[in-house]
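Order of writing sets the chain letters: A, B, C, D, E and F. Residues in each chain are counted from 1.
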Amino acid sequence: MTDTARYDRGLAKLIEIYGDKGTNFIASLQDIAPDLGRYVVEFAFGDIHSRPGLDLRSREIATVAALTALGTAGPQLRAHIHAALNVGCTQQEVIEIVMQMAIYAGFPAALNGIQAAREVFSERSEKVE
Amino acid sequence: MTDTARYDRGLAKLIEIYGDKGTNFIASLQDIAPDLGRYVVEFAFGDIHSRPGLDLRSREIATVAALTALGTAGPQLRAHIHAALNVGCTQQEVIEIVMQMAIYAGFPAALNGIQAAREVFSERSEKVE
Amino acid sequence: MTDTARYDRGLAKLIEIYGDKGTNFIASLQDIAPDLGRYVVEFAFGDIHSRPGLDLRSREIATVAALTALGTAGPQLRAHIHAALNVGCTQQEVIEIVMQMAIYAGFPAALNGIQAAREVFSERSEKVE
Amino acid sequence: MTDTARYDRGLAKLIEIYGDKGTNFIASLQDIAPDLGRYVVEFAFGDIHSRPGLDLRSREIATVAALTALGTAGPQLRAHIHAALNVGCTQQEVIEIVMQMAIYAGFPAALNGIQAAREVFSERSEKVE
Amino acid sequence: MTDTARYDRGLAKLIEIYGDKGTNFIASLQDIAPDLGRYVVEFAFGDIHSRPGLDLRSREIATVAALTALGTAGPQLRAHIHAALNVGCTQQEVIEIVMQMAIYAGFPAALNGIQAAREVFSERSEKVE
Amino acid sequence: MTDTARYDRGLAKLIEIYGDKGTNFIASLQDIAPDLGRYVVEFAFGDIHSRPGLDLRSREIATVAALTALGTAGPQLRAHIHAALNVGCTQQEVIEIVMQMAIYAGFPAALNGIQAAREVFSERSEKVE
């Protein structure tokens, strides 16, 4: 596989999950760190998220859980709550995943994750989505 | 619901997921912090893992992802890899979840998660499971 | 003990420590994750903070220290600085706890903790406390 | 104050809290990073732990809580559980501090902290304490 | 060496690296935690950054990398990106350090580090640097 | 560039930095997660560490600093202390980097990093290096 094919596969996956939000995000890195945007497309989406061994919904459950637990990645957590909803999770399932992190990473992590979910849900409802 | 009913519900869920390993773990806390063991049963299993809004397999995917990403909970990560396999994940799915954490928490987190998976897989194969 | 008794005990403890701020916080979760608010009342305040083995002042010293060290829980750190002052710590003692974290979690953690303390002290002085 | 006076004050505080364990620890750094040992004595014990604004027992409660929550400092957590017991905390109080971290940093952090406490309590009982 | 000599050495080093930004930062702590400001000057700059065994450029590479990876120290990361540029790193080198953290701490850490770099670069260009 | 070319470039860089240790590490992943080993070669070494914008010595300084600060990646920290020494850092420089992390991530992180350095230095001296 050439780099171009890998990039194209990653970009298609990114758009499948995020739509315009995904391409806008990559574009936002062009002026300062375009190669980091390219690695996101090639490695994160072209390599990992394109792998056949686990469905996209399960992958987003894993990511929302991990980012809630880490507590250091606010913009990325919000992006992946969008992604989870885009690939088939319900809002209630997102809340369940985030609440469950109270066990494994403490209540502050879960409470801050709920705040992120609130912002995403609100943004989506404003779009009459 | 009384405390007893809640404890019993949690214990049943713990045994459903872990079998004897679960009750042995709670027993191991009796001499030093029995109430912490009780809270694990009541809150983690009686409250959270007994909730209807998300299936057990998704809950274990979330937990394996979070503990791999945090990187500070070796014994608990191994326990939840067992749990994920017990509730229907395949070994390959566990590997996929752990590998995916390279994106969100870095390669060291993923590599140490793979080592945990190796130990669990090996322990289970020795039991001709 | 029934769930209701446990909730009531937790709510009384929450109000003892936080006053109106506590009940407002629980109310703020009603529209999105009311059960998480319930678990905060039942588990965090009804189970743990109601335990007899350690005085409330020591419990808040422990919490302010931990949240300063973790560095991922800004809103919760500010809430517990309020709580520490409410249960008998002086402002100077809060500063001492936060400064000490420079040893165990680094100067950035301590400096960000001081900023949280500054905001809390300022908010309280505006109320002619 | 000269560097020597500061070092001596720190060393006296270290010995007050840890006894021989403290001086042995500093000695163990002589062959590889003696200056780091010196900074521990001068800054951690000569500057911070010698400050008048907070009692030693409260300082150790703060440290045990923070190190349990961080989950990355096993040897240091065990050392500070010893220290907490040396300056007046009971074993039950140590258990309470560690258990409380389940709220703020998750159950794995608390469970691993209990294991650290178990090792320290066991070591001390073998010395016919 | 007396405390005064150590403070003066630290202050000179702080000014060498940060200029006015450094002294303003220390001044900002005077009303709430002046001793923490003093420890920053004495320990961080007077002790560590004044050591001869590693050049200032390498020290700032280490600090930018660590703060990007930790992801909990936004103001300090921005300050040290300034510092790295002040002691001889190019903007491209800063980007390289931050991007490399994607391997060791995950893409969210690197992406948030790039955002910090963007803010610092922008602030400096407004000053007709 | 094809995947094969990228893999080969990464493998050459891995061997340049680590020698046999590098290829042995990749081989150790073959039975459980061979693709993770391939991503380490392709992304970490073929993409990032092969970039021209920063010298290898600076890259290893950044990595040793970050892994010491994170405190969750023992095996990887030891591997990168080897790498830092392989690409031109002296043992004293490694000690300086690790000690400096006391400022940014706390003394426990630095002390545990020193212990990692001790193990690496000892292993290398046994080989009459």
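The definition used in the following text is that a contact is a pair of C-beta atoms (placed from the backbone, for glycine too) under 8 Å apart; a residue touches a chain by one contact, two chains touch by 3 or more.
Since the model is a prediction, treat every value here as computed from it, not as a measurement.
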Which chains lie in contact with each of chain A and chain B? C, D, E, F
Check every other chain and keep only those touching both chain C and chain F; list them. A, B, D, E
If I average the CA coordinates per chain, which chain comes out farthest from chain D? A
Between the pairs D-E and C-E, the one where more C-beta pairs touch: C-E
Candidate from A-B, C-E or C-F with the same interface as A-E, over half of contact pairs in common: C-E
Give, as an integer number of Å, the spacing between the C-alpha centres of chain F and chain B. 31
Compute the distance, rounded to whole Å, between the mean C-alpha positions of chain A and chain D. 40
Between chain B and chain C, the Cα-mean centres are separated in Å by 29
Could you say which residues in chain D touch two or more other chains, in rising order? 35, 39, 43-44, 51, 67, 69-70, 72-73, 76, 95, 99, 101-109
What residues on chain F touch chain D, complex-wise? 70-72, 95, 98-99, 102, 106-112, 114, 117-118, 121
Given the complex, residues on chain B that touch chain C span 1-3, 6, 35, 39, 43, 47, 51
So in the complex, which bits of chain E are touching chain C? 29, 32-33, 35-36, 39-40, 44, 67, 70, 72-73, 75-76
Residue numbers of chain C touching chain D in their complex, please. 43-44, 48-49, 51, 53-54, 58-59, 61-70, 73, 76, 92-93, 95-97, 99-105
What does chain C use to touch chain F in their complex? 69, 101-109
